[in-house]
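Some structures to go through are shown next.
One chain, subunit A, links the two complexes that follow: it is found with subunit B in the first and with subunit C in the second.
On to the complex of A and B.
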């Protein structure tokens, strides 16, 4: 049973779904880290990434590798725009009390939701509510044999891209001045301001980086599944949110580990249950984690707020 | 030596407040609410004979219950719940199944739906109460989605995505509420009764204890407020009323499907509370009416109305961060009404609120 080929294949599929969740979850974690608020429009960034990818493909038919930088740029732009519209207006006060105030956090949460509703509806009008097919030449569904296991080429591309992006993120966070700024703001926004870090610019950068990861996840899933729609961002958005919370809100390795865990457990669950029930696994894992590890699996007790 | 004693007033009879002294003032708002709910709206429905208008009025009243109940737990007690629609769904499915499968009458299914939703609320509240802030919110989101998945996939019981149709309409002691107007009147009566219960809960010392734990639960704990119990109670009360709202939806629309109770619905309810003013019961009512009536009013611009809803939501959060009827203003009404009433009793010295 355990060494059943099909089982192994499911694990690999699950890992590739988990990588997508991980890319999304990192965006959530970064943004939650610096702002202490949840960005509910992250799922729409994912959708925007997928649609920009599709538009580029249908307009210019470029080689696949040329799509990636454009999607990255679109993601960064979407992140910066999102920050400007939905978050900047609610950061009018910089003192500690209003940064931690519940009212401000709830207002920001709802403003990001409002922006996500508007974005989704605008995309519905632009592209229609139905599924859009990706041109066949770009699909990442060729089977590749690794020993006895058949894997879709998309899984391998997702692994490779995620690995590269995670490596780049680690480099950014731990080897550059910008990353130091992000980590400082994430640790203590007020303190970072006092030592001369431009917190506003750091926050914008964080949004850009997080949204680049999210948009990439969107186009990867689009190419893997072969169809995209304006509603596609909701489910991975919620799953990534769950992964972030299970990981402990501010821990990037935790978010990645939990995203992979969610992906694998979902795809294994489809072997025992009908696919409709697989979401139940994710949410049960969430609730069990929260009940037994209220700070998340990898959290280190962020301040009580 | 003669001490200048102020003229002795008779000791107030604190056992029973003289009702007439304060009720007149306090009931101004109540009378207005009753006049609108039972006078103006039914008159408009009857005059225009429009089933569309009646449908909106019924939906608005159901959402008034929902947003007032969410306001009780999120606004007053400070527990951010983003899975409220799931309990609405449990109530709706409970009422629908009890009436279609067991043939129970409305008078039984309505309280049963509330109690079943409250039971689920208790089951959810018990393990999640030690979670704080965002963790609690995420737990309610997860549980809300779990309930949605169960409603969608437990086909034997809930008929899955097909939903349940043919739910009997409201029927009270042989009186069939088969016109839209009579359905509206039943829903409005229950909505007003729910508002009255929630009003008495929030505008009392009990409500003050809830506000205390919202502001600082550790401090409230040290002052002798039983924090965990109050949190659980407020969650259970909120889920009870959500279940009542669900039963009303089931019996007035005759058809329910899992998609009525998804995450976006929870967010809509939360948006109503926030737009109206977190912690303010009149605000929750105003917010619910606003968020229901606005999209209908915008139906003229057709496909763009959801965009307009999103933009309006965004602008109202941006421009009215404390909501339309802020908690301070809402409490002010009540405080004045009570203070004046008690002042008459206690010889010029307000009791309770300062």
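On to the complex of A and C.
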């Protein structure tokens, strides 16, 4: 009998992993959507969020909800700084040829990778490579029984946060002037500039928003996992990247749906295979998607780099 | 070189016999370890511990007619450096034995040269199964998973727990830990219900735990490090699973309790060195080390302290006219060396150490020694 209570538990386990990927994929996808380049430093923004959160907690011991605004601010700051260091210098030329050039795209890709490595190394020196524990009062690890299955309180918080973020982001994108600007720049940066949109400011805003979401993801996952470390961003970053590609590169709901799909697939696969094969499942799903749905599962026929 | 040695030995004996006053024979032990670079913290600990042991030994008067000194060389955790050091040590006729290196890779790189040129080598930490297979000249005083696995299996079975699930990290070490435990557990009639690998870096064990819980084993055996162990224990608690946990000595770290808190309560493991062990030898080592270096010695310092002790005892046994050959033979006959990491004996055939391990469990937020299973 495969379908039993343990199986249901596996689906729930998968959804909670998927939510972690989704939380990270949201900010990732937003930035890709606007600039059409992968921001490799998103994993470090996530880690910075976790460390700022922990520093705030150990220094002031505030209520949990008070930690969030500070982490959001740190995320916004990190996003603006990142854009300034790794992305702005490569947008010196605004003609169409430079914007579409492969060299520009690759240069930003590498510069974001460089920033991510430098940030990680600096954090290693500041905090050490060891795992840092989270003070007990802040952990989101209380077991919650929903009928016969068990979830951690953190899974529920992460699930709720992902839903709120997704909703708020859709509102921002489709109901506000800023969102209109972001969508315009995402659609055609040059065109947006010609009709009078301040593209630089829009890009900075996107980075700030995307990084705020990434930093929040970092601290929430830290509280849920019970420990943070300078390399914590790498593994979920890779999964979020896969979710983004599967979801169609710039579709945020698509990335979230694919992140959940990845989480559940990994968790159910553990039932039949060894957990050591988990990453294989993820990448097989990616390959299958790219072969049969070259635009991604939720793509809109967007031009691919 | 052989002639030099013989000449040296003859001369040394003559001098020792002739006048007991001035010319004590000088015996040198080579010590290669990473003293700079990424792994220098380990080399530092080895050197600190080695100096304490050496002074104790020279004061003890166990070896009349000779003084022993240690020549340290920095291998930078680099196999190439280690090979150069090996040649340098071999060319020094006063050096009769070598301790080191730190990692298995570097120890084995140097070991090939020592094997070819017949120099006894004792590593305090190389735990790769192939290290002692290089030649009869290699020794180590660290427990391998081939020893620890069956030891833990016996412990679990003695407690009446007959079926086990193993969760192990997917790397060389993890696989050797799995093999060691499974072989020992099955040999004594235990039943392995499942073996689950996970990739290094994984932090989510919920799906593995759910799968294992379905099999209802009596015990879950963990072959992993403290970071993963703490995460696993927390998630086990969240899922409401109450199957007892046993683990490898790699979980032994104060960080396990710091990160895992209440969830690691009741976790069992066996380890060679605990700084708060009441044994007088351990107490005097910990006091001396803390006083000199302002830090509590960990397992690595203790391993080096005992490696030096085993080497020096073998020198004393071989006498002041020690040669590389006689030192090797003396090392090979080491039985129940009373060290701070338990009593060490070398198997005469394989030169693998057997050690006495302390059985511990986490109780009231501390590692505590348990006497009976």
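Observations
In this text, the second predicted complex is superposed on the first by the 300 of 305 C-alpha atoms of A that agree within 3 Å, B and C clash if a C-alpha of one lies under 4 Å from a C-alpha of the other, contacts with A are read in each partner's own complex, and residues count from 1 in each chain.
The rule is short, and it goes like this: contacts are C-beta pairs under 8 Å (C-beta built on N, C-alpha and C of every residue); 3 or more make two chains touch, one makes a residue touch a chain.
Predicted model only: the values in this text are computed from it and were never measured.
In the superposition on chain A, A:238 makes contact with subunit B only, while subunit C stays out of contact range. In the superposition on chain A, A:157 contacts neither subunit B nor subunit C. Of the two partner chains, both subunit B and subunit C are touched by A:274. In the superposed model, A:68 lies in contact with neither subunit B nor subunit C. In the superposed model, A:80 makes contact with neither subunit B nor subunit C.
Of the two partner chains, neither subunit B nor subunit C is touched by A:172. In the superposition on chain A, contact of A:110 is made with subunit B only, not with subunit C.
Of the two partner chains, subunit B is the only one touched by A:249; subunit C is not.
Put simply, subunit A uses residues 234, 274, 276, 279 to touch subunit B in one complex and subunit C in the other.
Against subunit A, the residues of subunit C that register as touching in their complex are 170, 195-199, 201-204, 206-208, 210-211, 213-214, 227, 230-231, 234-235, 237-240, 255, 258-261.
Of all the residues in subunit A, the ones that touch subunit B in their complex are 38, 86, 89-90, 102-104, 106-107, 110-111, 113-115, 117-118, 121-122, 125, 234, 238, 241-242, 245, 249, 274, 276-277, 279-280, 283-284, 286-287, 290-291, 294-296, 304-305. The touching residues of subunit B, when paired with subunit A in their complex, are 78, 80, 127-128, 130-135, 138-139, 141-143, 145-146, 149-150, 152-153, 263, 267, 270-271, 274, 278, 303-304, 306-307, 309-311, 313-314, 317-318, 321-322.
Within the complex, the subunit A residues that touch subunit C are 6, 9-10, 13-14, 16-17, 130-131, 133, 136, 141-143, 145, 150-152, 225-227, 229, 231-232, 234-235, 266-268, 270-271, 274-276, 278-279.
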